[in-house]
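The same subunit A turns up in both complexes below, where it pairs with subunit B and then with subunit C.
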Partner chain A sequence: MSRAFADDAALFLRAARARAFVRIVGSFREPNGLIADAVFPNLGMCAFVMMYRALGAPAYYEALAVIGGILTTYWVNVLWGMGAQFYWEKQAGQLQLYFAAPCSRMAILCGMAVGGLLASMLRSLVGVALAVFVFHVQLEPFSPWQLFAVFMATMAALYTLGMIMASLFLLYGREAWHTCNAFMEPAFFLSGLYFPIRTLGAFGAVAAAILPLTLGVDALRQVLLGARSPGLMSVRLEFLALCGFAVLYFFVARWSLRYLENLSKQEGRLTQRWQ
Partner chain B sequence: MAMTGTFARMRTAAWLGWQVESNWADPVIFFIYMIARPLAVSLTLAAMYAATRSTATEGAAFAGFYVANAFHAYVNTMVVGMGWAVFEEREEFETLKYVYVSPMGLVTYLAGRSFVRFVLGSISALLMLLVGWFALGVRWEWSGVQPVFLAITMVAGLGATLSAGFLLSGVAMVLTRSAMTVLEGTMLGLYLMCGVIFPVDLLPVWLRPLSYALPFTWWYECIRRFLLGRGSSAYMNTLSDAQLLGAMLAVCAAFAVLSWLVYRAMDRLARTLGRLDQTTMF
Partner chain C sequence: MSRSPDSSTPAVETRGLRRSYPGPRGAPEVVALAGVDLRIERGEVFGLLGPNGAGKTTCIKILNTLLFPSGGEARVAGFDVVREANEVRRRIGLVSGGENSGYGILTVRECLWMFSQFYGVPSSVAWPRIDRLLEVTGLTPLARTRINRLSTGQRQKMNFARGFVSEPEVLFLDEPTLGMDVNAARMLREFVLSWVRERDGRTVLLTTHYMAEADQMCDRIAIVDRGRVLASDTPAALRRSVQGGQHVELEVREGGAAESGSIQAAVGVPVVWGAPHPERGTRTLKFRLPEGGVLGDALRALEEIGVAVQGISTRETSLEDAFIHIVGRALDDEGAE
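Moving on to the complex of A and B:
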């Protein structure tokens, strides 16, 4: 029994590592994707920073928008590199290979998440460079360990949410594609990427209960901007909530993947293109 | 007779475009999908303004940014949408070659598709203006509106939008899978370079000539001036109404000619390179 479990775990890790490797190498082999993920989210961020400047707002708001803008790189990757990945695979006729492989589909999704996260971390350096050299963002002294913990909890919650989205593409085609598309700007608004989430009042708290990006942005701002950025909750509570989101979403993704795979097989839509 | 035939073909293309855009969902879901993005952008801008209202020194400028952002919906839907039409037809549906050789021709087809995008853009812009007027207090004095100048501005701006759509369609014909990146980048790049939500005076000096060469920079400034009564750019504020309108018309006309030449050149290049039926995405 324990031997079988060890074999399964080893296979899971090997499959995840292989998928992560493909994701990292593939993303750097495609310069267009590199530019798209590294530069484009920052163009929007620059526009929002300029708007604060045009309104004559204090510099704190620019710092706030820059931190939110950097996180858009990850959200874009979660939506299009994670959520929509099975759509690309289906259109390319490769999705069936995942199902023919003897490993768990969750291993593939975990590998995609880890690979996507590592690639996005390097890409987000463009946003960091803009923050330091162009916008001269002033940060408060902070604990790097606290920053690391909050960041990783945010990413875990975001990428497990991406795993749930990915499972939708097993059954749906264009519907899920358009859903991903529609999640872009609404998520920017609901997560307060470019403004303090407290501006939304009680609505902001509701958004935080739905979208982990909201809590992640808020916690990271509290860590980096200190007292200038009063949050919805304390950093400790937001960290715990993000960890809770990650665990919850992981199990929902696992269930969703299994359920939608079966449904998709029954309806014969697993490998159907142009739906 | 020839014109009647062209319009009939355009109408068919518009109908097909509508089906492609909307038949993945029932009308209610499609409507929610269609308004979700522009509404979210409007609310984001409003929240940014609300957050800074007590401390901002130039809060009055917000109305100009908001209105320009509403009209930027045309650029997002028409310009980028026409490029996407070429990309989708070739890469995803693999039908571009059939459209190209059909008696309808690609130009008529794209013009028809652009009409659907125009309608969608109009709904987005109108919705944003209504939200601004009734929910956010972004209003203007009707007595201060200059209707003739504004009407000319709208016609010229929409013409420039159509021209830019053909330009991007031509580029999308030549590029392979990278067209997707270019289209998305253009959308975000124009948002920054045209000073939709800030005066272009805030751009670095070396970027400003590029901004002034784009028709949308002038279009948004004219809309602010002729609808709200005040522009946002210090440089453009030195121009009289007639000078501003004249400059916009000149830039739009030059851009339209350039776009058409680029489209024709890209069309030839795409045929030479064999790109019309080359799928590289899926």
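Moving on to the complex of A and C:
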């Protein structure tokens, strides 16, 4: 390994670690925020569980809602914590400090992704605890390794998609903001977060092809609920598709970041606030 | 990996540097830099002095790889700011007055550490360096205080310390003492000067609105206006560029019948009205007596046209006088944009 590569790798890792550190500290340092951040967002999921229970729906519907609710946590983090983050940084006048530093911009985004993932973990664990200990949601015996692999592939695909969104904010301000909004509720719907994705029929298949969230939800449901949740595709195929999305998105994000950085430097919009 | 710097190259060099922005809705383009030539040697503290809109910040942004030039060439530490941007970034630091760096949830010490990591400084090196910077800036007692609990001045000091955590070769200070109290600003000015002298080759490019700050800190100053360098020299040489004579400030009673035109005719040189003093009912009148001019004659001439002089002071040529002479207006005059 050349010295140049080793130096660049060390710089990448240091920068990513430092940026992840902010996210992790930010999530755990304020107890009030901890409750607001980890407990309250799970109430929506609880509402769906109680609704299915009140309607006398099959028990696995409750589990569907729990898995969807947990993934909602990450999707919201991807949209607003990854996608919109550069918008906040720009408004605060801090973006220029990142871009005047020698570290890779992808290192900053990777740090935000890892930090966001770990910070959202607490919220999802609270969701799991509510499901298991309060609602006694029933899961099938599953392979922890399979669960881990599918979960990580889903996260990789989601957060690399967040990196692409983040790059858009270098050039576009409020317009990208609307894009984030547009990705929120429609994505909840198309991903079948709170209902069986097969209910959407052809729509479900299209959504699965476009949104990694759909595939992630479907694969996790198959792993945790077994035959009770027939999937759009086999877990193996969905896992491979998610890995493919993650790799594709990563390179698209890297290209997009470089292209939009150059364009915004050309147009003088990189350091321009209040767009 | 960073390439070896060539210490024989200037710290900063620009040739015909231009930058323009498209005008709003078909209006003519706005020219921020209209061909700037600068050469800043290693080890210098160099000042860019100019009114608002002169092009100082645009120039700093280009040199910090945050903006592409529309034309011309710029090199920092021997590297081209467009083609070798990453080599430039490894060697520079940037502090802008009034900036908001860091995240409120982090402590001062953590925030400085975070920025050191973006420059690849190993933590074992970063922590002692941060502690020293905290000491210098007087922030040691606040090292473990969250940033969102700092006052504006304290935050500004932290921003200032941030610029040094990577030990840059070329440090860009864009209005660094903006919003600081007098003592803090003085202490930080002294620190910058000692930092530059501490090791060969360290260079500072400073933009400031404070003439005294530029005069005290800078080895050389470039006076810029409307995107052009109008003059570049040592502060002493710039002062000398204003021909000899005596700067006179008179405190005259307000409400006299004499107009500026007649006063100018009486004194025989251009006059400028300064600040009014409503509590005393007077106003300052400034002019520069040419060499050989006699102040007594000027005072008599003013008395004859009914100007009541309440107080007199004279002084040597200042950097501000040189600035007004070169630019044609004061730093804070309206219409500077």
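In this text, the second predicted complex is superposed on the first by the 264 of 275 C-alpha atoms of A that agree within 3 Å, B and C clash if a C-alpha of one lies under 4 Å from a C-alpha of the other, contacts with A are read in each partner's own complex, and residues count from 1 in each chain.
By definition in this document, a residue touches a chain if its C-beta (ideal position, glycine included) is under 8 Å from a C-beta of that chain, and two chains touch if they have at least 3 such contacts.
Values in this document were obtained by computation on a predicted structure and should not be read as measured data.
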Ask   = Following superposition onto subunit A, is the placement of subunit B relative to subunit C best described as a clash or a fit?
value = fit
Query = Where does A:Glu140 make contact in the superposed view: on subunit B (first), on subunit C (second), on both, or on neither?
reply = neither
Message = After the superposition on chain A, what is the angle at the C-alpha centre of subunit A formed with the C-alpha centres of subunit B and subunit C, rounded to the nearest 10 degrees?
response = 90
Query = After superposition on the shared chain, which partner residues are touched by A:Ala92: those of subunit B (first), subunit C (second), both, or neither?
reply = both
Inquiry  = Under the stated touch criterion, name the partner, subunit B or subunit C, that contacts more residues in subunit A.
reply    = B
Message = Contacts for A:Glu175 in the overlay, against subunit B (first) and subunit C (second): which applies, first, second, both or neither?
response = first
Query = After superposition on the shared chain, which partner residues are touched by A:Arg29: those of subunit B (first), subunit C (second), both, or neither?
reply = second
Inquiry  = If we overlay the two complexes on their shared chain A, which of subunit B and subunit C does A:Thr271 touch? Say first, second, both or neither.
reply    = second
Ask   = Once the shared chain is lined up, is A:Phe21 touching subunit B (first), subunit C (second), both, or neither of them?
value = second
Ask   = Is A:Cys103 contacted by the first partner subunit B, the second partner subunit C, both or neither?
value = second
Note = Superposition result for subunit B with subunit C: lowest C-alpha separation, Å, rounded to 8
Remark   = Going through subunit A, the residues touched by subunit B and also by subunit C turn out to be 92-93
Remark   = Given the complex, residues on subunit B that touch subunit A span 24-25, 33, 36-41, 43-45, 47-52, 55-59, 61-62, 65, 92-93, 177-178, 180-181, 184-185, 188-189, 191-192, 196-199, 202-203, 232, 281-282
Inquiry  = Show me the residue ranges of subunit C that touch subunit A in the complex, using the header's touch definition.
reply    = 1-2, 19, 21, 61, 64-68, 86, 89-90, 92, 94, 96, 99-103, 105-106, 110, 113-115, 117-122, 162
Inquiry  = With touch defined as at the start, can you tell me which subunit A residues reach subunit C in the complex?
reply    = 2-4, 7-8, 10-11, 14-15, 17-19, 21-22, 25-26, 29-30, 92-94, 96-103, 108, 262, 265-266, 268, 270-271
Ask   = Which part of subunit A faces subunit B closely enough to touch in the complex?
value = 32-33, 35-36, 39-41, 43-44, 46-48, 50-58, 61, 65, 88, 91-93, 173-175, 178-179, 181-182, 184-186, 188-190, 192, 194-196, 199-200, 273-274
